[in-house]
Amino acid sequence: DFLHALDEVKPAFGADSADIEEAIRYGIIEFSKSIPGILNDGMLYVESVRQAERLRHTAVLLHGPPGSGKTALAAHIAMKSDYPFIKLITARSLVGFRDELARRDYLHKIFTDAYKSPLSMLIIEEIIEWNDVGPRFSNTILQALLVLTKAPPPQGRRLLVMATTSMRPVMQQLGLTRAFDRQIRVPAVQDARELEAVLRESGAFEDLGDVTEIINRVGDYTNSQRVGVGIKTILSTAETARLNAQPAQWFAEQMADLIAVNNPYGDGDGVGGM
Amino acid sequence: DFLHALDEVKPAFGADSADIEEAIRYGIIEFSKSIPGILNDGMLYVESVRQAERLRHTAVLLHGPPGSGKTALAAHIAMKSDYPFIKLITARSLVGFRDELARRDYLHKIFTDAYKSPLSMLIIEEIIEWNDVGPRFSNTILQALLVLTKAPPPQGRRLLVMATTSMRPVMQQLGLTRAFDRQIRVPAVQDARELEAVLRESGAFEDLGDVTEIINRVGDYTNSQRVGVGIKTILSTAETARLNAQPAQWFAEQMADLIAVNNPYGDGDGVGGM
Amino acid sequence: DFLHALDEVKPAFGADSADIEEAIRYGIIEFSKSIPGILNDGMLYVESVRQAERLRHTAVLLHGPPGSGKTALAAHIAMKSDYPFIKLITARSLVGFRDELARRDYLHKIFTDAYKSPLSMLIIEEIIEWNDVGPRFSNTILQALLVLTKAPPPQGRRLLVMATTSMRPVMQQLGLTRAFDRQIRVPAVQDARELEAVLRESGAFEDLGDVTEIINRVGDYTNSQRVGVGIKTILSTAETARLNAQPAQWFAEQMADLIAVNNPYGDGDGVGGM
Amino acid sequence: DFLHALDEVKPAFGADSADIEEAIRYGIIEFSKSIPGILNDGMLYVESVRQAERLRHTAVLLHGPPGSGKTALAAHIAMKSDYPFIKLITARSLVGFRDELARRDYLHKIFTDAYKSPLSMLIIEEIIEWNDVGPRFSNTILQALLVLTKAPPPQGRRLLVMATTSMRPVMQQLGLTRAFDRQIRVPAVQDARELEAVLRESGAFEDLGDVTEIINRVGDYTNSQRVGVGIKTILSTAETARLNAQPAQWFAEQMADLIAVNNPYGDGDGVGGM
Amino acid sequence: DFLHALDEVKPAFGADSADIEEAIRYGIIEFSKSIPGILNDGMLYVESVRQAERLRHTAVLLHGPPGSGKTALAAHIAMKSDYPFIKLITARSLVGFRDELARRDYLHKIFTDAYKSPLSMLIIEEIIEWNDVGPRFSNTILQALLVLTKAPPPQGRRLLVMATTSMRPVMQQLGLTRAFDRQIRVPAVQDARELEAVLRESGAFEDLGDVTEIINRVGDYTNSQRVGVGIKTILSTAETARLNAQPAQWFAEQMADLIAVNNPYGDGDGVGGM
Amino acid sequence: DFLHALDEVKPAFGADSADIEEAIRYGIIEFSKSIPGILNDGMLYVESVRQAERLRHTAVLLHGPPGSGKTALAAHIAMKSDYPFIKLITARSLVGFRDELARRDYLHKIFTDAYKSPLSMLIIEEIIEWNDVGPRFSNTILQALLVLTKAPPPQGRRLLVMATTSMRPVMQQLGLTRAFDRQIRVPAVQDARELEAVLRESGAFEDLGDVTEIINRVGDYTNSQRVGVGIKTILSTAETARLNAQPAQWFAEQMADLIAVNNPYGDGDGVGGM
């Protein structure tokens, strides 16, 4: 099982176990019925890669606004998968290398390591986000990532790739979604009702009167029921609020600002967090 | 014949035979009359390269939406061609090389190998897709591919190049279709009737009532007869569905999503898959 | 405390203490109620990084027009934070290196130094401003900065990153604000009333009649109450004025010019200074 | 004469004689009165370079849609010119070199070789087409080609440069047509009447009833007399058709497709072939 | 004083004294009241850098149309400043270096030299003009120049940077004006009255009747009082005119051409000279 | 005098004398009164550089449509100037160098050579045309050329730079005209009357009836008096025509084509030749 896999491929695995746990630091709150749906679909792909010969290679793209929980959901699915090999690839792991070629070789090695196990999962964090900024992409790395994602593993090996992004429109425009067999949308917390569920279930505010006050204030400030902010931002702002003299009021003001910043641009993929 | 060829040019051929077979993993379903038309035209080019002196060098572009079956059809034609030399060139085969020059030399070698046989077929998978992302193309490789595609083989040699792409509009815009003598369009599964044919003939759902339910549900969800999804996506989603508690319902929902994603942008070449 | 920290990590720290003091050379004037608000929020993040396990890593973006006081406010918060490790990263510290790789290694080293202390603050001055000019960004450095900003510190370490920019719209457009957990807006001096507060509280003009004259003249020249000029520009122009034969008149003319230059383009982030 | 020239400058000449012959593999059909006009103008330039001291250096650009016969016409003029030195420069001859500098040196060498003969012709195939793809040109090669094209040969030497392109609008836009003293337009087969002439004179269909049937069918399918397809495409498609069970019908369908593809974009230089 | 400074930092200073004098080869003519205003402001910055601790580092941008006298005015201020260290940085001084890095190191050295003197002035000629042409800037040099301009000198050192440009709109657009604390606009000669003042005070035409004739002719030719041409162009054209048989008439025709060329585009920064 | 100068600076001069003569191969025809005006202005600059201390360094830009005679006029002025040092810099002289740095060093050397003579003229052919194609300029070379053009020669030396271009609008847009003190426009042959003058004075057609026929035919074909074709194109086409059976008719047809090609785009700088 999980720790066992860790032993088998130590050098390639490293501190991932802690990373994966830290990704779910606030747990998984079912603030809307889309959450169990996402987890269910994720497990379905876990199973079809494991069982169906013709689906032994599947690439899934988790997309949604910043802070909507993409990484936490991928990590949760990974932990429940019981796959012998799991690896999280982040931009941070790439920044230390001398140049593009060294990075590409490292990515190659990760896939080659995964091919050694009969059943592997690779989570590629923010697949296009950090490769480059602005309109010029670092093609060496991105090209390698996408080609590796689309390339079938050797005969007899099974591989599930899960990639996350908050820039799906850019990917679509550049024709990069072609590399994925499936897509899963991870939504922001959408409205006052979902926000209330998050605040209640997270226990962020001990006094439930605070929750009611917040919902009322936010409604007053924004004159609407729309929220459109990622759960990560909500939960960490709530935690900061607790250090404030007037947590509910301060939190409500921050939420009003965040809602204002996120919603002018609509509630597509490109927005939703900080 | 086929395996014999494998012996003759082993190093250049490698694991292609398995690759070519895997490309047709769900067989060829004649869900519309365009399918026999494509196969017929493909065999015509196979024959004219073999027989007509002045057509001894022909380059064909198979284009169509993602997952529409371009690779499977090219592989099928190759297997039926009885050519002594067949080779599939994929982006994956290029990713392992150190730099652009090494890749270009490798492509050179493939063509040179092909020229050794009196009659050869080269399938270039996704000819522009993975060379680069975004608006800047890796000109070293693309230039080499296109020049090699257009260059006539030596006297007495015959060569059929089949290339696939889901980005024909980009190729057209960049003037790259000039390298091809013929083009074949591979369409997505277009409407409810064709979808029904696919589901029935593939045997994806054992219970034919499921097929009827799916067609009805999809019609209800999308309020239209239009489908516009590639056969690859349909068949693999159907296979995943079988691991679900309610396969027909889940499959129908997935189809509705796919139809929604693919159709806003029209049903041109750029869309049609995931 | 502060000087103690200086001893501990001398090579990484250098002359920063003087730099931080020089950044506040005109003190902090509370010309509007937004100023205590900003300082309060800044200290809140100082405390939440120190105390809350799940907020041990926070990145804050201070944005606002040129000369609005971003650096002074960040420096003020740093001095009041009582953190054992504080470091100011400026473009000047990068210009001396041979090439992009040397700069990236230096940035790496700064973060690594910070990770040695249990509690650290890094101030990144003008995070995107000097990395490159025009529409092409130096991706090596910017990518490194953003990835390092978003990467969590090792277990048991706590890190507050404060970055300043007067180009937030560009950052937003390039998707770079995703690297930050929080944003604080630092406004320019907005109107005649705030300008008067600045001039009175700074003691820039000994004769308070001068202040009244200035406010009147500026109103006459510009035919409006709108100012929209950064406090840095106002305070240094006032100091220059004192060397002039007719300080109030000259200062008022300069202000009128500055107001004219800054306001045609609106009062967004991109304008507000010289 | 021609073969004699071959002997004189063997290393520079190589297999060109065969190349030049293959370029006219379907002969020259006078399907319209523009054809003798083009040949006549070509021979005029051949003669003026030979005879007129002040025209001893002339550069001619043959432009027209893909497959319209530019290469065949240039080859025909070259064969009739009786020049002691003739050389065809194609993209294929450049693809084998290691890098841009090696290619540039090779081009230099070709011109230097030409300067050794008192009277030389250089045919530069697809002068801008393969130097790069998309909007970024490989300036080393293109610059060298254009500068060499415009540079006068040494005293006492005579040089006719003939270049072909199907991208004249791009050349015009980039100011590249400035390198040429003369331009000759090579048109596609324009209408049903010209198409009929091509089919009759080529003898592509033995049964002349087939020709009539084709003209009728094409008219029916396209509802117009307009053709706008290059003669190369027409002749090679006709040859393929002969391997089909129903040659006339299949050919007519292919023509209808080609006409549809070529004509939406008008009948300018950019279109006209496959 | 000035020459003394020359001795102290000889290697860094070189032939600057002659350069600075040549920059004012036609003297300074007060053709409009803006001229004494500019000189007055320039001396104010000279004094505030010298005297005010908090203004010990000031960067001023002189901007205006080509040939409007930016360099002459900066040189004049420098000569009157009595600073111990003065240095003129021109594109010409950069062109001799092997590569960008060597140039950057040279700039570094100039600033380091300046830091050795307690009080220094650096004049950066045409700060963005020659770094690159077209829309792609040479970021190594420009970045270095701007960062060095904005970086405060070491404790106890005082530095006035004066930069000139005729491309302020481009600088504004690229966000480069942020590097400057103050801006001074240097206007072209605006109308017939100012032109007359220039011609009279320069003594360019000995016969004052010529001046009257010129003003009349220019008015006739252009049908307007607007001039909008830089004083440098006016004075050097006048000097050329004196070699002509009919100086007044020729000069007037040249002026009419210059006015026509400069004014269609308005009288912004981008135009005004040749 | 001229040949003497050749002796003094042989290595830098080379075959220029022949080059300069070949540039005027059809002589100078005064087909319009603008021609003596251009020559007169050219000689005026020749004299003012020679005589006026403050004009010892002058840069002149000759601009006009392709083939309008820019090079011939500059060569003519150079031959009449009686300067001891004259040098023609062409793109051809740059193509032989290994890389950009070698080319820049060569340009440096040419200017340094010129500085050795007390009085020098440099003609820079097509100053921006061949440095690069398309919108990306080779900044190393262009930057060097422009900086060298604008840099004053050493004390006591005198330098006249004459540059030619048919891309003045591009230069204007890129701000490159700033490098020049004077501009001279060289027009195309504008109308039927000027064309007639060219044909008569050149003696291109022995039979003057041919000239009349041509003018009539051209008028008939184009339905206008407008010509707008460069004199170089006219004279060389006329010479070719003489080898044709029906010279007048063929020449008239060619002219009609040239007029049609040149005039749709207006008669600005960008057009006028082939």
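Chains: A, B, C, D, E and F, in written order; residue numbering restarts at 1 for each.
The rule is simple: contacts are C-beta pairs under 8 Å (C-beta built on N, C-alpha and C of every residue); 3 or more make two chains touch, one makes a residue touch a chain.
Note that the structure is predicted; figures quoted are calculated from it, not measured.
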In degrees and to the nearest 5, what turn takes the CA positions of chain D onto those of chain E? 120
Outermost chain relative to chain D, judged by CA means, is C
Separation of the C-alpha centres, chain A versus chain B, in whole Å, is 32
Between chain A and chain E, what is the gap in Å from one C-alpha centre to the other? 55
Based only on mean CA positions, could you tell me how far chain A sits from chain F in angstrom? 64
Among all residues of chain C, which ones touch two or more of the remaining chains? 135-136
Looking only at which chains touch which, which shape fits best: line, ring, star, complete or other? ring
List the ring in order: which chains come, beginning at chain B and going next to chain D? B, D, F, E, C, A
Which residues of chain C touch chain A once you look at their complex with the stated criterion? 44-45, 47-48, 51-52, 54-55, 58, 101, 108, 135-137, 139, 142-144, 146-148, 150-152, 155, 174-178, 180-183
Can you list the residues on chain F that touch chain D in the complex? 18, 22, 25-26, 66, 90-92, 94-96, 98-99, 129-136, 138, 166-167, 170, 233, 236-237, 239-240, 242-244, 261, 270, 273-274
